[in-house]
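Letters A, B, C and D mark the chains as written, and numbering starts fresh at 1 in each.
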Amino acid sequence: MNPVNYLYLAALLFTIGAAGVLIRRNAIVVFMCVELMLNACNLAFVTFSRMHGNLDGQIIAFFTMVVAAAEVVVGLAIIVSVFRARHSASVDDASLMKL
Amino acid sequence: MSSMAVHSMWTTAAEPIAKIPAPHIEYTQLSPVLIVLGAAIVSVLVEAFVPRKGRYHSQVFLSVAALAAAFAAVVGLAAGGYGSTKAHIAAMGAIAVDGPALFLQGTIVLASIVAVFTFAERRLDPADHGHKVDSFAAEAAAVPGSDQEKAAVKAGFTTTEVFPLALFAIAGMLVFPAANDLLTLFVALEVFSLPLYLLCAVARRKRLMSQEAAVKYFLLGAFSSAFLLFGIALLYGYAGSVSYATIARVVDGSIGSVDPALADTMGNDALLLIGFAMVLMGLLFKVGAVPFHMWTPDVYQGAPTPVTGFMAAATKVAAFGALLRLLYVVLPGLTWDWRPVMWGVAIVTMLGGAVVAITQTDIKRLLAYSSIAHAGFLLAGVIAATPSGISSVLFYLGAYSFVTIGAFAVVTLVRDAGGEATHLSKWAGLGRRSPLVAAVFAVFLLAFAGIPLTSGFSGKFAVFKAAADGGAGALVVVGVISSAIAAFFYVRVIVLMFFSEPKADGPTVAVPSVLTSLTITAGVVVTLVLGVAPQYFLDLANQASVFVR
Amino acid sequence: MENLIALLIGAPLLGAAVLLLGGRRLDRTGHWLGTLLAAASFVIALVLFVDMLGKGAEDRALHQTLFTWIPVGTFQADMAFQLDQLSMTFVLLITGVGTLIHVYSIGYMEHDERRRRFFGYLNLFVAAMLLLVLADNYLLLYFGWEGVGLASYLLIGFWQHKPSAATAAKKAFIVNRVGDMGLSIAIMLMFTTFGTFAFGRVLEASDQASEGKLTAIGLMLLLAACGKSAQVPLQSWLGDAMEGPTPVSALIHAATMVTAGVYLIVRSADIFNAAPDAQLVVTVVGAVTLLFGAIVGCAKDDIKKALAGSTMSQIGYMILAAGLGPIGYVFAIMHLVTHGFFKAGLFLGAGSVMHGMNDEVDMRKYGGLRKYMPVTFVTFGLGYLAIIGFPGLSGFFSKDKIIEAAFAKGGTEGWILGAVTLLGAAITAYYMTRVMLMTFFGEKRWQPDAEGHEPHPHESPKSMVIPMILLAVGSVGGGAVFEFSGFVEWLEPVTGFEHGHAPISAAAVTAATVAVMVIGVGLAYLQYGRGPVPVVAPRGSLLTRAARRDLLQDDFNHAVFVTGGTHLTRSLVYVDHSLVDGVVNGTAAAVGGLSGRLRKLQNGYARTYAVSMFGGTAVLIAATLLMRAV
Amino acid sequence: MVFARFEPGGDRYQLVENHAWIKDFGVRYELGVDGIGVALIGLTALLIPFIVLAGWHDADPLETASKRWRPTQGFFALILMVEAMVILSFEATDVFLFYILFEAMLIPMYFLIGGFGDRAHSGSDENAAAQRSYAAVKFLLYNLVGGLIMLAAVIGLYVVAGNFSLTEIVEARANGSLEMATSTERWLFLGFFFAFAVKAPLWPLHTWLPNAMGEATTPVAVLITAVVDKVGTFAMLRFCLGLFPEASKWATPAIVVLALISIVYGALVAVGQRDIKRLVAYASISHFGFIILGIFAMTTQGQSGATLYMVNHGVSTAALMLVAGFLISRRGSRLIADYGGVQKVAPVLAGTFLIGGLATLSLPGLAPFVSEFLVLVGTFARYPVAGIVATTGIVLAALYTLVLYQRTMTGPVKEEVRALPDLRARELLVVAPLIAVLIFLGVFPKPLTDVVDPAVRHTMSDVQQKDPQPQNVEAAK
């Protein structure tokens, strides 16, 4: 089947992820949405690499996974510490600073 | 395209490759980055093995030494002509070693050194249970106000991890403006972002705000980097490569355009443009340009002030470096596409930052908005799209970063019971209480406002001149207007400090150790020198204003 | 010889400087010094006069150039003097009368602790006045012109503690400034027209310029003259100026300064000759003022104000004469001089009366004073006869000549002007007689003053009496002297002269003059001479009441300029504060408001921030694509 | 010193100094004085000592805790800083250098105004402090905005001309090697003019002046109006006309009208003031109207007059303002209504005050008359109507001056002023020389005109203007 469809799928996933970030309150979920966006990127990379017939895209995908993993580490650390301090993982509760 | 063709591609791609050439790395030319990275790793080991009481000193020494060495390396490379004649692409096309890269790396390293001084400051707070304390949490992991934290405080723990984190961040920043392919760009971005997220979270006072800042910064940062990455993907899809050089050549059509496989499915320019826009967004986020600026005030306010200063200065330098390289190396052929867009961004950034700053009541937020406005001015220089534009931006970055760090360093000095007294009302009559500190801060504010004989003016003038030369006269006018607006709130602070009566419960001004004093002095000196006799540094910036392709 | 001219001015100027800077140590000797220097100036004048008589009619004019005052490009103003017959006449009058009045003031101001300063001001005035008449260009004349203005301001307001005096001084200065505007515009016109404003060159070039320009210049000069010489419509200040000490009124507001306007017009004779329209206006102004002053003079009970009115009207005569052109100039000056004598004399007399009556000025509270101060009575009486034009006295000759010239103007104008001047003569006789009777005749109507002191009228000290006597002599003999000593020939080279041909014979005119004079005196006698004079003024006819209020002219000024001006400034202050400043502050406030509103977007919710980023990216993409599309 | 080495006949710019400064911006440290500059430098050098002397005690610490912070030496240091910058800006022949000084001098002025307020204020200390800082901020922002707009123009000029040297640009324009599009030139001109008009100040950009002068201590007020503001008018003469002759001619009618408005409006508003210092401020606005009028009359008389006016107005206002300041510091009030009959208790003070006032209303014999009349003549020669309108200014001037004098000095002595001492030696030492200068320049201005004239001719030739010839001479031709 036409690899271009994978691009559409990637775009779709990316959009879903973005929408999730905009809509969801729970920090964890928001973060998962970001991961979803990253993976959408991966899919795009792989697809393009398939189309171009060179491997750069696939390699980049691996880099992305590593980075994403690192992000998870840092992100969860922060979110957890906030959760322990506030007993809530809602991003909206964290709004001491405004205006 | 037919599935057949696809198949054949697949197979060719799947051919077993005869032998992989070993990558060839120019270690000397990467030495600045390598030194800092190495130091970072070592300092992780220090965290692991050196006993607690020894850590602080060893860490401080290690970081400063490493940064000094890195700076030496930068200077050495520049002297070796890598800035001009021998400029070229190193590390298999991953990293560019050229004038802008070296200039910016030098700026970043210097800024980082003074920033690290502020990290290491331990005189501002009174000693706690007989232990000198810096501005970082005793134990970041402990819940604020919990017994665990109290215990940690009692035991005199300090988060010396900030030093390795900072080093990693610096390393990332060094790579960022030098990155010569999008992948390196992305990795470098993450390498300096992730430590910063953490650094934001470890303030000693007002920990909730600090953590909140971290969360916001992290989530939004991740969000933006996702966009960046997707943009990269699209560009890759457009050009079939992530190397700047290749993309540039594809853009100006000097090598065969994109694979016909894509040509018939979507207008490949759409790939290019959308991808470009998303990458741009990722960078503008780091720069703090409207409308991607909203994290700035909250994060600047919440983060520990030394970290704020560090971010405000170094991150901006790195991000603008990357932005310049992207626009000048990758997309010169696209100038007429990105210029109008950047015009818009620059205008809203200048005006937005200046206008909103007027009604701020917290000094750190005020500075945050001022940094946004300054990002706008810098963008005006970027848009010039001329060598003088590049050099002016480089110069501006150098001037600006020192003013910023100095200003935030002063902020750390003004304290009351709850730590730093950042609310403006607390600053009333500071000039009467401690004229010196107030005067120094006034100098920084005047520099921000761009009053002649301060570095702020030289920078602003250089940038506007470049913009006008580059045919962006309208931008200059807008810039002038917004600096007029901006002048208002800088002046407001000065009035507050000097002409209004001190409050009875006003803050005290802590007497800093030699470290912070050094930072502030450096800030003032640079501000005045670059204001009165900027010629030498302008020359530097000029020589450094050629990107290697 | 010409080097003396500077001395002429220098002497009183020195006096002014010394007296004003000298400080208290001069308090006892100061007045003598002042008088001495004034006298010195008079002596110098005499020397020059004699010298001048020795010369031929044509080469009598002397010139002295000290230095270039303002040299800018083609604009060259010299500090240079010109002494010709016209100036000479004035110089003698100023220094002569001036000296006498200095002497008089020694006695009059005896009890004033600021006498030294008074003499300083007097000297300053004399110097400025001499500068005015000696200048050889209009700008320098302007210098003197404003100088006398200043002196008069200082002297009117000499008793500053009296608000009325301070106000009067201010009024005088400002009204004069309006006139000065005219003078300076005239000078500008001259400069743009002739490229110079030196008398000589302007006057001989005056035939080259267009009549329109000349008329403009003439009218502007007239405006100036109106200001200084208290002619309608700028006469309002003179009445109030009587707040000043009486010697001041005598010297400045009767004898010399107020006649400067006449000097200006006569000096600019050539310009006016070439601009008949301007001349006509001059005569009209003169005529109007003549009657105006006279009528006001009839209604005032304040002796000095009555005399002030008379001054106005007499100067009206002169201006009118000056407006008649070559047939009038000489007589204008002649009347000016005689008037200088008798009016000064009258004022000094009035001063002497006030001196004896605890500074009472209301004539209704005088009466029967002739027994108590005989000398004053006699001198005042002679002055009186002179002014009403009693045959043989000075006023008779000069006024008669003017009336004659007025008729000689010819045409309807001639008749009208003649009639006016005759009427004026009648009214003059009337109000002067009124003053005379109310003051010196009838029974005494004295009232105790504020402190309840009964006035004890007595003759004034020698220092005051002698000047009065001398002036009386002048007012008696002056006219005859001029008439028979060839004054006309004396001035003719400067002002030009031609015999007017009146439609009626000179004798007839003279007869008419005498007749109307008798009528005027008779009327006054019927009204005030026989019956007792009521101490409180009767309500009087509408005209009388109007005249008492200076024919409402002041009320008009007050309503229009003072009140209107006050409102104008008030509103402008408001505008400045709320509008001009408001706009700026408004913008500032607007930006602030905008800022406040934008600030609200920063609501602390990470998701909102993400939205803005997302939207931003969308816009970015759209814009980029759009750029490619277009 | 400068005078000693300046000979009027000589080149246009003398004592020229020239070093590269910021090569990159094509900025040179380029100094040179022409007659106009010399005159104004002389003014500055003349006034500052008296200002300092007059301000001798103004910065002394007060007992009240609220004003503890009044470093006396700082006060004078700032004044001298301003002096240095002003003199340099009169000498600068490099546009950029001038701009830098033009802007930089705001900061010390700002602190002088805001930091050392007039103690004779109405209302509480806080209130006064608020008004003071309001005035200071207003001063700074007005001028900063003006300056920034000028900055844009400066950059524009650089883009067009390629360097900043006044002399070179003027030359280039003269010999046609530097063409400027009409619209560009006009825009640049407006950019420059706006800044100078704010500084000068010209209606309607004047409102900062009354506040600043009202709130600042008297010496500082004098410094503002007598010295610093002159930079604005001076710059109009040197830069606006020099750099943009065509545009200047184009803009002249509008500017003349504004100047006339300033003259009349300033005078009228002055009449309506209740505060002595504000009154003088508005009077100054009226006078600046005259100066600008003279500059843009484009005649030798007008411009020489304007230059003399800058000097004379400096001296006369200084005299008047300083005496007023002494008066105010005695009574502790700025309100006219609080005075009366001062003349009786302090005759010398009153006398000097009167002379200052007479100078302000430009009485012949005092310096301002010469300049004012020259301006009027110069204007009248080109724009008769404008000349006549401006002439009304002399009546209004008489009005506000004499009203002020009458209300404060004459009339019955008010209780509060009964005890006022007369001028002290120091104060007399300040005022007497100024008055002497006024009289000398009023009677013998030649020295000054000789210096100024040649410079003005140069300016006239820059704008290719000739004095209009007398009408009947033309007729003769």
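As a working rule, a residue touches a chain if its C-beta (ideal position, glycine included) is under 8 Å from a C-beta of that chain, and two chains touch if they have at least 3 such contacts.
Chain identities (UniProt): A = NADH-quinone oxidoreductase subunit K.
Quantities reported herein were computed from a predicted structural model and do not represent experimental measurements.
Colleague: State which chain is most central when centres are taken as means of Cα atoms.
Modeller: Central by C-alpha mean position: chain D.
Colleague: Sort out for me whether B-D or A-C is joined by the greater number of C-beta contact pairs.
Modeller: More contacting C-beta pairs are found at B-D.
Colleague: When the centre of a chain is set as the mean of its C-alpha atoms, what distance in Å lies between subunit A and subunit C?
Modeller: 97
Colleague: Can you check how far apart subunit A and subunit D are, centre to centre, with Cα atoms defining each centre and the answer in Å?
Modeller: That gives a centre separation of 66 Å.
Colleague: With chain centres taken as the means of their Cα atoms, state the distance from subunit B to subunit D in Å.
Modeller: 47
Colleague: Averaged over CA atoms, how far is the centre of subunit C from the centre of subunit D? Could you give it in whole Å?
Modeller: The separation of the two C-alpha centroids amounts to 36 Å.
Colleague: Which residue numbers or ranges of subunit B touch two or more of the other chains?
Modeller: In subunit B, 215-216, 219, 223, 227, 297-298, 488 touch at least two other chains.
Colleague: I need the residues of subunit A touching at least two other chains; which ones are they?
Modeller: 18, 21, 30, 91, 94-98
Colleague: Which subunit C residues sit where two or more other chains touch them?
Modeller: Residues 599, 602, 604, 606, 610.
Colleague: Please list, in label order, each pair of chains that touches.
Modeller: The set of touching chain pairs is A-B, A-C, B-C, B-D, C-D.
Colleague: Mind pulling up the subunit C residues that touch subunit A in the complex?
Modeller: 599-600, 602-607, 610-611, 614
Colleague: Over in the complex, which subunit A residues touch subunit B? Could you list them?
Modeller: Going through subunit A, the ones touching subunit B are 1-4, 7, 10, 14, 17-18, 21, 27, 30-31, 34, 37-38, 40-41, 44-45, 47-57, 60, 63-64, 67, 70-71, 74-75, 77-79, 81-82, 84-86, 91, 94-98.
Colleague: Considering the complex alone, what residue numbers of subunit A touch subunit C?
Modeller: Subunit A reaches subunit C through residues 18, 21-23, 25, 30, 91-92, 94-99.
Colleague: Subunit B touches which residues of subunit D in the complex?
Modeller: 21-25, 66, 68-69, 71, 99-101, 103-104, 106-107, 111, 114-115, 125-126, 129, 132-133, 136-137, 140-141, 144-145, 148-149, 151-152, 155-156, 158-159
Colleague: Please give the residue numbers of subunit B that touch subunit A in the complex, ascending.
Modeller: Listed in rising order, the residues of subunit B that touch subunit A are 1, 3, 6, 9-10, 12-13, 140-141, 143-144, 183, 186-187, 190, 194, 197-198, 201, 207-209, 211-216, 218-219, 222-223, 226-227, 229-230, 232-234, 236-237, 240-242, 259, 261-262, 265-266, 297-298, 301-302.
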